[in-house]
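Presented below are the structures under discussion, each in the form of C-alpha cells.
Both complexes below contain chain A, partnered by chain B and then by chain C.
And then the complex of A and B:
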C-alpha cells in the first residue's frame, strides 16, 4: 500500500515546492532584493549592521567620546589601530590627564572583525555604512579618526 | 504536397510559379521554407534562452539580464555573436569526424521535428498522416548526437554524461510514447491537423478525455522534461558532477548548437503537449472562431509558452534526481501507471463516457 501513498506524498511535496517558487515568481516586484547599484547610487541605503569602515562620530561642537583608553588598540588583532596620546593639563580640573592626539586607523589592514567597537567602553567608534573605499594611493587608507582641534566631550569619563 | 499557403504564401506561391518553370519554383519554395524554419529556430532558441534566464531569476528573487538593451532583450544575441566569433577548438585525441558530426545530429533532429507542427491552419511545413509517429521517431534521433558527442570527446566525464543520456532517453521514451498513445486512442488519428480538427467540435482533448487524459498529461510532462534532459532530470550535464557532461569539450558554435537544440527540444515537447492536449491553434471556447483575420498562430504560441513556463517552473524548483531514483521513477511508477491509464482510456472510449 505504500506504493500509492508514496505517489501521493511525492506529488504533494512537489506541489508544495512549486507553490513556494511560484509565489516568488508572481511577487517578484515586491520581493526582489537586487540593488541596481551604480544606477541607484544616490538613493542606496545600506543595512544597519553593514560593516563599512570604523569612524569616530563628532557632535556639532567638534567633540568626540574617545578617552584614549587604548582598549581598541589592544583589542585589534592585527594592529590596524594606533593611538598617539600624551598627558596634558585639563583646563577644567587643573590636573594632568591622558588625552588622544591622533586616533590612527589603517583601513588597508582592517578585517572588519569589529572587536575594537565591541571593546570600546564609551562607544566612541562605530561602523560607517559606506563601501566605496577604493583609492589610488595606499597612503589614503591610513585615516586619522579624530578631527583636528576636537576634544573630549564632557562627562564621558565619569 | 506542400501544405504551407497562408494568404501571403499563396501569393508568393502563385508569383513564383508565374515567373519560373515549375521545377525551379518548387525548389525555390523549399529553400524559402527551409530559411523560414531556420530563422524560427534561431530566434526561438535565442529568446527561449533569454526567457529561461529571466524566469530563473524571478523564481530566485533576482532580476536577470537587464543590461544589454531594454530589459536585457539583446543579451542572448550578444552571447550568440560572442560564440560565433570564438574558435572551434578540439583536443588532440578526439575522434575528429564524429566530434564534428555530433552537433548536427542534435540540431537536425530538432529541425525535422519542427517541420510537422501545425502552427496554424495554413502554416504547417509538412502535414503527413503519421505525424505523431514521425515526431516521436525523429525526436529520439537527437540522443544519438549526444552519445556520439560524448564518445568522440575522449573524456571520461563526457562519456558518463552521454551514457546517462542514453539510459535516460531509452527509459523515458517509453513513457512519452505510451502517454502519446493514450491520446491517439482518444483522437483516433496520427495526423496532427486531424487531431486538431477532432478538438474543434469536441473540445480540447484534455477535457474530452477527463481523468485518463489528465494522468496522461502529467506523465507526458514528466517524461517530456526527462526527454529534453532538463532539470530535475539533467543528469546528462549535471554541472556539479560532470563539468558540462557530453558537451564539455565543445566550444564556439558547436557548443551553441547543443545549447540551442536543448531549448528547441523544450519547444518541441511543449508543442506536442499543446497539439495533443490543448487544441493546438484553436482558441479557448472558440472566442476567435469567426474572426478571419485573427492570426491563429498566436494561440499556438501562447499555449506553448504556458507549457514552457511550467517546464521552467519544474527546473527551478526541483532538485536533481539520482540515477537509481530516475530509473525507479520510470520503471516502477510511470510505466505501470501509464499502462493502466491506457486501459482506462480504452474503457472510457468503449463505454463512450468521454466529455
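And then the complex of A and C:
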C-alpha cells in the first residue's frame, strides 16, 4: 500500500514544482531579466561607481591633476602603480618642482580594491566603467595613464 | 554467472579521486575516496590547490591593505570578512565607529549572508539534480549584487569596509533598492519551498543522511549552519554581538536532527531572519559620519588581538599579533570551512558516493576559504 502512496506523493510534489516553473514559463515575457549582451552594448549602462579600471582624466588643454606625490603607489597593495617622476622647472614660478614623467598602471595586476583612488589627495585618478578588458597580449594591459605631452593643471598642490 | 549465484564474487577496496576538478566540489577540492563498491570507507581531503599564502601576505601589508585580501578567502561573505579585520583593528586601536557605520555594516552583512545562502540553495538543488533552482536563486542574488554594485562598485570582491568606517557613503538609491528587493524576495522564498523543500525526491536524498551529533559537532570545532543543524548554539551574532546585532531582534536558527535536511532548514530559516534584520534597520539608518579619522599609517599597539564574526559559513576568527609596527607580526585566520571540512570523513563513512555529494552540498564549502 505504501508503494502506491509513495507514487502518489511523488507525483504530487512533482506537479507542485512544475506549477512553479510552469507559472514562470507563462509569465516569461513580462518578467524577463536577462540581457542580450553584447548586442545591447550601445545602451548598456554600468553603475557610476563600478570599478572597471583606473584612469586619469584630462581636460581639453591636455592637463591632468596628478602632482606625482606617489600616495597611490604607496597605497597599492600589489605594486600595480609605478610613478616615474623628476624635478622640472615650473614655467610659472621658475622654481624646480616634482612632476610626473609617467604614471604607469598595470591593469593585469590590479585587484580593483580602490585604495589608490581613495589615497589620491588631488582626485587625479578615477574609476572608468568599461569592463571589456580582454586582450591577446598581456603587455597591452600595462598602461601609461598620463597622455603624452600632458602637464599638470595650474594651481594644484599636493 | 556461476560465481555470482554462488555469491563468491570478490570485492576489493579501491581508491578514486573526487576532484580537484569535480563539478560537485565547487572548486578545487580533491577528495581521495576509499570505496568498496558504492560504499565509502574513507574520505581523505587533499588541500592546497588554491593556496595563496594570504596570511603571509598580510605580514607584508599595511592594515588598510589587509582588508582587500580577505575578499579572496570566502568570496561569498566578502563584506563579513572585511568587517572581521576592520573590527580587529578597531578593537586594537580602541576606536568606536559611529552608529551609522554600525547599522550600514549590519545591513550589508545580512545582505551578504542572503546572497551567499541564495547561491548555496541554487547549487544544492543543482548538485542533487534539480537544475532549475540554480536559475531562480541567481535571479534573486542578482538583485543583491546590483545593490552592492551601485554602492561599492564591485560585485564580489567588495573591499568596502575600511578600519574606522566605510570607504564611501551609501548611494542615494540604496534604501529604495533594498526595499524593492525585500518585497521580491519575500514573494520568492515560499516559491523555493514549493519547488525544492517539499519535493519527495529531495527529502529522500537528504533526510537521515550525513548524521552529525551535537557532541561530534562540538568536538570537531564545527560552526555555522552546519553546527546549528545539530543543535549547537554557536551564532557569534548572538553569543558575542558585534556591529549593531545587539539592537536587532532575531532568532538563531536551530534544528536538532543533525542531518543534511536539518542543515538545509537552518539556512532557509537564516534567510528569513536576515530579511527581518534588514527590515528592522533599513528605515532608521542613523545620520552621522561614515568614517572615524585614522592615521594614514595605522600602527597597532603591541599585543595580541582577536575578533570573531559569523560569516555565512560559520565562525571566522582574526588573530593579530602586533609588535607595534605598521604591519602585523603574525596574522591568523580561523576559517569556518577548514574546521567544517575536518568532520566530513566522520559523517560520510559508510554512506554512498551520492550521499557524499549531498553532504558536501549541505556543508556549503568555499575552497579558497579552506586553503587561504
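The definition used in the following text is that the second predicted complex is superposed on the first by the 123 of 158 C-alpha atoms of A that agree within 3 Å, B and C clash if a C-alpha of one lies under 4 Å from a C-alpha of the other, contacts with A are read in each partner's own complex, and residues count from 1 in each chain.
By our rule, a contact is a pair of C-beta atoms (placed from the backbone, for glycine too) under 8 Å apart; a residue touches a chain by one contact, two chains touch by 3 or more.
On a predicted model such as this, the values are computed, not experimentally measured, just so you know.
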| request: Could you say whether A:147 touches chain B, chain C, both of them, or neither, answering first, second, both or neither? | output: neither
| task | In the overlay, answer first, second, both or neither for which of chain B and chain C A:33 touches. | result | both
| field | Partner chain(s) touched by A:88 [first = chain B, second = chain C, both, neither] | value | neither
| said: Taking the superposition on A as described, I'd like to know which of chain B and chain C A:130 touches: first, second, both or neither. | reply: neither
| request: Could you say whether A:21 touches chain B, chain C, both of them, or neither, answering first, second, both or neither? | output: both
| said: Between chain C and chain B, which one touches more residues of chain A when both complexes sit on the common chain A? | reply: C
| query | Of the residues on chain A, which ones does chain B touch that chain C also touches? | reply | 14, 17, 20-21, 33
| note | Within the complex, chain C is touched by chain A residues 6, 9-10, 13-14, 16-17, 19-21, 33, 47, 49-51, 75, 77, 111-115, 118, 127
| remark: The answer for chain A against chain B in the complex is residues 7, 14, 17-18, 20-22, 24-25, 28, 31-34, 36
| Contact set on chain C toward chain A in their complex | 61, 64-65, 68-69, 132, 139, 142, 146, 149-154, 157, 159, 162, 167-168, 171, 191, 194-196, 198-201
| field | chain B residues within the chain A interface of the complex | value | 55, 58-63, 66, 313-314, 316-318, 333, 337
